[in-house]
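Next, two complexes with subunit A in common: one pairs it with subunit B, the other with subunit C.
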Partner chain A sequence: RKCTKAGNMADDSGDIGPKTVPDEELLAQIKERESKVSSLISSNTKEALIASLQNPPVATKNQEIKDANAKIVFKVLAAIKEMEIKGAVAALSPDDSDVLMKYVYKGLETQPKMSPSLLKWHAAITAKDGLGTITRALVERQTV
Partner chain B sequence: DRVARGTMSLTAHKPYLDAIRKTLTAALCLENFACQLVERHNKPEVEARTSKELLLNPVVISRNESERTLVEGSVNSVRISIKVKQADDLEHLLAKKFVGFLTQRADNFVVLRRKPVEGYDISFLITNSHMERMYKHKVIDFVIQFMEEIDKEISEQKLSVNTRGRIVAHEYLKQYI
Partner chain C sequence: SPHLPAYAPASLSRGRRLHRAVGNTLRPVSMANAKRIVDCISAHSWNADQSLVALCPNNSEVHIYRKDGTNYKREHVLTDHDQVVTAIDWAPKTNRIVTCSQDRNAYVWKLENGQWKPTLVILRLNRAATDVRWSPNEDKFAVASGAKVISVCYYEEENDWWVSKIIKKHKSTVNAVTWHPNNIFVASGSSDFKARVFSGFVKGIDSKDSLQGLPEGAAKFGEPLAEYESKGWVHSVAFSPDGKALAFCGHDATVSIVDDVLGSGESRTVLRLPLLPLVNVAFVANDALIGVGHDNTPILVSKKGGSWAFVKKLDEKGLADGDSSGPAKTSAVSSAFAKFQAQATQGSDKKTEKLETVHQNCITNIVPFRASDGKASKFSTSGLDGIICVWDWQTIEQKLAGMSVN
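Up next, the complex of A and B:
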C-alpha cells in the first residue's frame, strides 16, 4: 500500500512545513536588506534596526548566510548610541525583540569588542520584554 | 588603593553579571528526565549528550576578549563555564592554582565540576536534583558571588605575592648596601 504524502488531503502543494527558501534567494534578500539598512542608518536608526531584524535567515544551514545577515545587524547596533538604546528597543515589536536578543547573544559570542554595549542591549530588552526573550533564544532550534 | 580598585571593578562588572544572572534564571528551569536510551538510568543530559532534542542552544556571555561565560542548558541540567581574566603570567599561574584548589574539593561545593570545560577555567554542573533541594535564586546568587570573589581573590593574591617579593628582596639586598 503506497504511503500517502502528508498534507495531501486539501492541500495542493503536497508539501508539509514552511517553504524552504533556496540560498541564492536568501543572499539576494540580505543584499536588499543591507542597502535598505545602509540608507536608513544615517537618517533614522530606529527604522534601520527594525529593517535589519525582519526575516532573519533562520531556516538555512549555511553559516555564511547567517554571518552575512548578522553583520548587518551588528552594524546597526554599533551605530546606535548608548543613550538611544532604550528608545530603540521601545519601538520594537515582541517578535523583533526576540530576534534582537538572539543577535545580542550571537554578538556576545563572536564580537567581544562590542560586549559593553551589547550587555546594555541585553538589559534593555529584558526590561521591556522579560525573560521570555532569553528562553526563546535558548530553546528555538532554528538559530539566527 | 586596593579597596578603590576592588569597588571599581565591581561596578564595571554589573551589566555582565546581570546578563549572566538573567540567562541563568531562564536556563535553570529543570525537570527530572530519565535517560531515553538506557532503562532506569538518569543522567545529566548536558553531560551525556545522548539526544539532540534535549539540549538547549549554548550561549556565551562575554565581558571583553579575555573574560567570558558559557551557559549550556538541557532538560535536566545546566553547565556553566567561566573563563577568568588572566592578564599576565602571574595571574595565569594564580588562577590555575586557585581553581585547582577548589576543584579538588568539588564534593563540598556540590555544584562544582571537577574538570573545567575545554577552553574555560572552571565549570559548574547544576542538575534538577540540586534545584529540588535548593532555592534557584540562591544558587544563582552563589554562582554570581563566586565570579566576583574569584576576581577579587586573584588580584589580592597577586598583590600579596608582589609585596612579599619586594620585602624579601629588600631584606636580602640590605646586606649589600
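Up next, the complex of A and C:
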C-alpha cells in the first residue's frame, strides 16, 4: 500500500474483517469447479483434490453457497482411499493444505459418516504442515 | 529464590556440566541463561547496560531487580498502579521508565536520590492500556489501549507535565505499538485484524528537517500512512533497525514482513508458520526476526537465503541450563516442590514432567539488547511461567551458520 494513500479507510463501514464477493460470481465459480473435478475424479484423484480446493467461497455469508462447494470437496475426499491419503496430502501446496484443513473441520461438523477418514486426513495434514494449519482453520473469520 | 530450580536437568545434579553442540542439535551451554524469578511475568524491560530489569509479576506492582551473573536481587518495588501493569519500557539514554496498566494510566518514573519517583500521565483513556514504547529519541512515548486509540505523549516544559495526543482510526483494541527509527512513524497492531503505520509527528518536539524524504502525510499528526490486513488479531509489530522493513504477527499463526515500508511498501511476505501463533516479534538484525509465542520457544525468521523464510525454533532439545552453579535437590522434597511448581508454571499438577524447552509456558515478551546501530547481540524473553531467559544471539547465529555449512 502506498504511503500517501489512505483510501481504504473510508470504505470501512464499521464491520471488522475482510470484504465479501457477490454470490453470482461464486456460484459460477462453483459450477466450473464441479465440472472440472468430475472430469478428473476418475482419472487422477490428486489433481481432482487440488482443483476442488482452489478459491473456496469464503468471501460470503451465504451458507448454501459454501455447502455447495463443500459437497464437491467431500466427494473427492470420499473417492480417495486411506492408503492414498498421505500421498495426496504431500502433493498439496501450503495454501491448499490450509483450505483442506478447514474442510476437514467442516466435515467433522456436518458429515458424521466421514469422521474416521477425516481424522486420518487431519493427522496427515498436521504431520506435513504443523499446528499452524489447525490454528488458521480455527482463527480465520472467513470460513468455508 | 536463588537456589537451583527443581526442574533443572538431571545431569546437573550428577555434577556434570552441559556440553557443547553435538551433531545437528543446538545445545551449547552459553546460549540461554534462564531464571524463574516470580510466578508469572506480564512485562519486562532492561536498563541501558542490562544490569537492572524492571518487571511486573502479573499484579499492580513493578519490581526492579539487579542482575548479577545468574542471580537476581530485588531492589525496588513500585506500587503506584491499581491494576496489572501491561507494559514497561526503560529509556536507555534518559534512564526513565514508562509503565502502563489496565487501570488506564501511565506513569513516567525518574530515579532521584536512589528512589523512583512517579509522574502520572493523563492519557484520557476509558479502557485499559495494553502497550507502551518510548520513541527512539526518548522525547515521546506511545500508549496502545483497549479504547481503540493510541495515546502519544510528550513533555510540555511550561506546565511541567506530559500531554497526550490521540490517534483514532482503529476499530478494536490496539494490542501493540512501536516506533520507527526516524522518531516520527508509529506502527500499531490491532484486534481489528490490521497493522497500521501512522505519523506521530509532534510540532515543537520534532523538527521540520526530520520530515525530509518522508511521504507528504508525515507532517500531520495521526495521519494514516499504511495499512496491512491480517486474518488474525495482530499481536505485535516491529520495525527493522534500518527502518526499511515492518514485521507483524497475527493470531492466525502467520508473520508478515513488509520490505520498503517507507517507499512503496508493495513487497509483503506472508509466512504461514507450522506453529502455534506468535505473540511478540522483534528484529535482532536487518535480516533476522525473532518471534515468540505459544510454542514456548523463540523462533527465527531470516532473510539470509534471499527472501524471508521461517528457519527454525531456537530452543531445541532443551537448552535448559538455568543455574550451572550450586547443588541440586535430589530428595523427595524436590519432587513435591516440582509438583507445585508445575501447577504454577503449567496450570496443572498432573503433569510433573518439565517441558523440554526453557520456557514452560507461553512467552509473551522479547526484549533485544540493542547496540547503537539497533542490532542486538543478545535478547531476553519472559513469559507466563515467570522465567526470564537471556539468549546469546551471537552464539546462536554462529552455531546456525556452522550447522548450515555441515
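One rule holds for everything that comes next: the second predicted complex is superposed on the first by the 125 of 144 C-alpha atoms of A that agree within 3 Å, B and C clash if a C-alpha of one lies under 4 Å from a C-alpha of the other, contacts with A are read in each partner's own complex, and residues count from 1 in each chain.
Everything below uses one rule, namely that a contact is a pair of C-beta atoms (placed from the backbone, for glycine too) under 8 Å apart; a residue touches a chain by one contact, two chains touch by 3 or more.
A quick note: this is a predicted structure, and the numbers were derived from the prediction, not measured.
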Partner chain in contact with A:H122 - subunit B first, subunit C second, else both or neither: first
For A:L131, select first, second, both or neither according to whether it touches subunit B, subunit C, the two together, or no partner. both
Partner chain in contact with A:Y105 - subunit B first, subunit C second, else both or neither: first
Between subunit B and subunit C, whom does A:K113 touch in the aligned arrangement: first, second, both, or neither? first
With both structures fitted on chain A, tell me whether subunit B or subunit C touches more of subunit A's residues. C
Could you look at A:A28 and tell me whether it touches subunit B, subunit C, both or neither (first, second, both, neither)? neither
In the superposed arrangement, which partner chain does A:A59 touch: subunit B (first), subunit C (second), both, or neither? neither
Which partner does A:A90 reach: the first (subunit B), the second (subunit C), both, or neither? neither
Overlap of subunit C and subunit B interfaces on subunit A (superposed complexes): 131, 135, 139-140
In the complex, the residues of subunit B that touch subunit A are 15-16, 18-19, 22-23, 25-27, 29, 56-57, 59-65, 68, 73
Quick one: which bits of subunit A touch subunit B in the complex? Just the residue numbers, please. 105, 108-109, 112-113, 115-116, 119-120, 122-123, 126, 131, 134-135, 137-140, 143
Taking the complex as given, what residues does subunit A use to touch subunit C? 1-4, 6, 8-9, 12, 14, 16-18, 94, 98, 129-133, 135-136, 139-142
Given the complex with subunit A, which residues does subunit C contribute to the contact? 169, 171-172, 192-193, 197, 215-217, 223-229, 231-232, 251-254, 261-266, 272-277
